[in-house]
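For reference, the structure discussed in these notes is given below.
Per-chain residue numbering starts at 1, and chain names A, B, C and D are given in the order in which the chains are listed.
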Amino acid sequence: MLTDVQIAVLGGDARQLEIIRKLTELDARLSLVGFEQLDHAFSGAVKEKLEDVQWESLDAVILPVPGTNPEGKIDSIFSNEVIYLHEELVKRTPEHCIYFSGISNPYLDKVMTESNRELIQLFDRDDVAIYNSIPTVEGTIMMAIQHTDFTIHGSNTIVLGLGRVGMSVARTFHHLGGKVSVGTRSSEDIARAVEMGLNGFSLEELKERVKHTDLLINTIPALVVRPEIIAHLPSHALIIDLASKPGGTDFRYAEKRGIKALLAPGLPGIVAPKTAGLILANVLAQLLKEKREEKKS
Amino acid sequence: MLTDVQIAVLGGDARQLEIIRKLTELDARLSLVGFEQLDHAFSGAVKEKLEDVQWESLDAVILPVPGTNPEGKIDSIFSNEVIYLHEELVKRTPEHCIYFSGISNPYLDKVMTESNRELIQLFDRDDVAIYNSIPTVEGTIMMAIQHTDFTIHGSNTIVLGLGRVGMSVARTFHHLGGKVSVGTRSSEDIARAVEMGLNGFSLEELKERVKHTDLLINTIPALVVRPEIIAHLPSHALIIDLASKPGGTDFRYAEKRGIKALLAPGLPGIVAPKTAGLILANVLAQLLKEKREEKKS
Amino acid sequence: MLTDVQIAVLGGDARQLEIIRKLTELDARLSLVGFEQLDHAFSGAVKEKLEDVQWESLDAVILPVPGTNPEGKIDSIFSNEVIYLHEELVKRTPEHCIYFSGISNPYLDKVMTESNRELIQLFDRDDVAIYNSIPTVEGTIMMAIQHTDFTIHGSNTIVLGLGRVGMSVARTFHHLGGKVSVGTRSSEDIARAVEMGLNGFSLEELKERVKHTDLLINTIPALVVRPEIIAHLPSHALIIDLASKPGGTDFRYAEKRGIKALLAPGLPGIVAPKTAGLILANVLAQLLKEKREEKKS
Amino acid sequence: MLTDVQIAVLGGDARQLEIIRKLTELDARLSLVGFEQLDHAFSGAVKEKLEDVQWESLDAVILPVPGTNPEGKIDSIFSNEVIYLHEELVKRTPEHCIYFSGISNPYLDKVMTESNRELIQLFDRDDVAIYNSIPTVEGTIMMAIQHTDFTIHGSNTIVLGLGRVGMSVARTFHHLGGKVSVGTRSSEDIARAVEMGLNGFSLEELKERVKHTDLLINTIPALVVRPEIIAHLPSHALIIDLASKPGGTDFRYAEKRGIKALLAPGLPGIVAPKTAGLILANVLAQLLKEKREEKKS
């Protein structure tokens, strides 16, 4: 339980609702800033204006997934209020107060450093990245179904990378009946692909491997789907690039060659905001409990 | 090979293109009626007007999936020509000439009976129904992803029926990480569900089973998702009804209760026309080869 | 519940213990004949001699899986008592009394016919056959591991037949990483194999298919693994024949060619007697409950 | 190809045969020491006595999986010759000559250090460990089937550790229909277990989790199956401990409590020597090719 733990939730999207639900269930006391247009009321949670929050008594501050914008503004889909995370506010929180976001940016980093507060970027954590790979895979499936005229079942599918997302993608497309090959730079990952019943090959051979590829799904955050690779793809192939911007594909060349190539947006928040929120809520609750235990002892 | 076999393909959609491709590969001679707006040319296939076809020398006639409309008109997405399958034309074909469609209707049945020609409805065949279950499943996955805010992975999923489509749906949703239970009327199907690693239960218990259901997927062509079932579903549940019109769900009651319920259209032709065409092309080619062998011997 | 239902259990092996356990749990009253060497006592069950049973008040009689031997003798591994199922005894039971065994034989058939009592052969039921396919598959896996020097993973595996056992075998060997092809006589089963992610082929092509086969698993109760098939197998291949005696393999020829070929014994009772007993117990209990409902109404 | 590469293979078991086969296929020139009882001849490989080997021209020396015994003796199942790997011999090989074994020991380490030669322990490599997890899993399945009277399908199975072996074990038992939970110390592994469709839990909760466990499979090389864990297991449970000697189980206590606990021997060489040999052969060949490229450039 998180009884008597005082938390401010500042803005965000549907994912924050799962966090709020979870934390109130655990008996934390919440100040919700930027939720005044939300119909729903949570017992134990008070909707407040930024200036009404008791900053001095906060144990944790929960920011939206993107943290702030480059100027420190916090977005909320449930509010028209303009919310800024000013350094002065942060400095008013107790030293032990922890900040949570999905990712960070130079503004947020600077504020945290200068005020000497801890920021936990949840998306940096391996557990969160792996849980998030689940909705990411489902979003990828949806894209593959929508943007092709053939089934995933029976299609020659190459997955690049066997990291946290790549492993989930590769296994799931295999289970859907795709003929999956995994391209990777490590001999260990090739072995794992084989053990999983897939083909594994070295990225160096990619050019020779793509000739009969129907689906090329990239998870490597580096330019691997280069022009010479694209040039060898059949014209009906679809490239789905999951790596975060700018992706690992030469999109300009793909367009020139007439190969459809899609840079996936952040899928979890789009295809399954509720699940994506639950993932964050569970990890957050776990971390807050651990911090509490530490403090006690 | 189908050398010297003379076939007319009358109208249709993208699926017919795969059939045409396959049959020309096998060296059949094709008359294509209703394809004049199609850019592509197939060697061995001639685009003709209905009246120019040599009906007397045809070995087979391939109609679109729906056959004709109730008045005998044949639709083609590649043509503005108005094409009717008149009884006189059918009677001009040799007695051994076989007609193929996906499904039939009273008009088509009547023409076939009166002219004493054989019509093979491909969708009636078990093999076609099973192959078609593959794109059907992918369409169902797409619908489930689009119409919920949670992942299939981890969701409580009930599949009704373990026939040709139900078995494919149940296994695939299990492989996606859904917690799948199968409701069926036969003890044999319950055993198969258990063997597959799923839960199996008798349809009689459906009411007690739906309380925590997130996804309810029906494949039974009978009214099984009745008001008392819907009344027990949680409000966030999604019903996807795959059974052909009018489906097996009381949609009126679902709407009243505020439960989202979707009657799936014909998914194979929508989500994967190329695969759907290939399925028909392969079975057709196989059947034509067999007929040819029979005739020879 | 089976309160007040009077049942005699006559002989058998470890599987009967699960039946006894289940039925006593459901509050049935049991006479156990041929269990005097069993240490364990079940509340609600009385160990008796054959002659002490109250035949006139029995609602059901449970025989061992093989029923009787050809002369009517009932085997029990828990007893030295000689037990015969004489026709007179059967005739003393009430007309509604039902007999259960796994399989039957001419003796048992005759006794049942002449006394006009119902015999339910549990192994004839589809649900039992499918549940039993589970331990059968595990026994097959064990045999494949023990009798080869290579892994199932990665091995070219052919499964003949896609019936109740064949489907379970094919899927499980696929899940273990085997490269599974299914040989069958029906186009429907080929389609199902493909949908499951396996290769499917017509039995007519078997000869051409076995050239690189490592494991050949037969479930078809007919001579399909004929000399010309065996002659095409590589010398290291292993044949496991699951079909009931005499199997579907020309064992004499296999031996001559030096190909290892094994006729599987009844696997469920050997590799997992407890599970095999539970399967029978559950179906039996369900049937007895249904019979009871019928009688009541 | 490995044309002109000069390699000595010293002793070993069936696994070496696959290595010899692979290397001769790649056109290497082999001296086989300790194989005089082997019937088979390999073209390009010469059976020699230790003293006849041209040590000065060797590019690689392949030892058996265990390397040597603590005194430097090399075992061979194909020979009665007594073979010692003396330091003098090693020093006669060129400086670039590489030694290969599965594992090492103080004797071997010392010889290598003092002669300043490179020893590659293949079992230390991640790729080999992952490939070897495949036969390890099959051996584990065999043990589970042989030592229980219930099926893996449907059994409550706990796998401890989600490393190179644990991941393969967990997935495969899940695919066999086991209800698999994974106990691990890292939140990342819990997330991966969940993503795989399994339960994941922290090792700290192990005591509470084992109450209904049928199969407990340990892959953690540390004492985790401690007395208090064993005390909570049901009496029919089976413990299979895969961790290398002395395993991670308190076997003494398990015996006292009457719980069957098995310390698995080295399974790959036992259940699938051919596959185990192929794994080593492929990695060896790959490494030798890379070394050769390096040397060239």
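Throughout what follows, contacts are C-beta pairs under 8 Å (C-beta built on N, C-alpha and C of every residue); 3 or more make two chains touch, one makes a residue touch a chain.
This one's a predicted model, so the numbers in the text were calculated from it and none came from an experiment.
Interface of chain B with chain C: the two copies contact each other largely through the same residue positions, with over half of all numbers used appearing on both sides.
Ranked by how far their CA centres sit from the centre of chain B, the chains are topped by D. Between the Cα centres of chain A and chain C there is a gap of 51 Å.
Taking each chain's centre as the average of its CA atoms, chain C and chain D sit 38 Å apart. Shared contact sites, meaning residues of chain C that touch two or more other chains, fall at 134, 153-154, 177, 194-195.
Those residues of chain A that touch chain D in the complex are listed here as 125-128, 130-131, 133-134, 167-168, 171, 186-188, 190-192, 194-196, 283, 286. Touching chain A in their complex are the following residues of chain B: 14, 134-135, 137-139, 141-142, 145-146, 148-154, 172, 175-177, 271-275.
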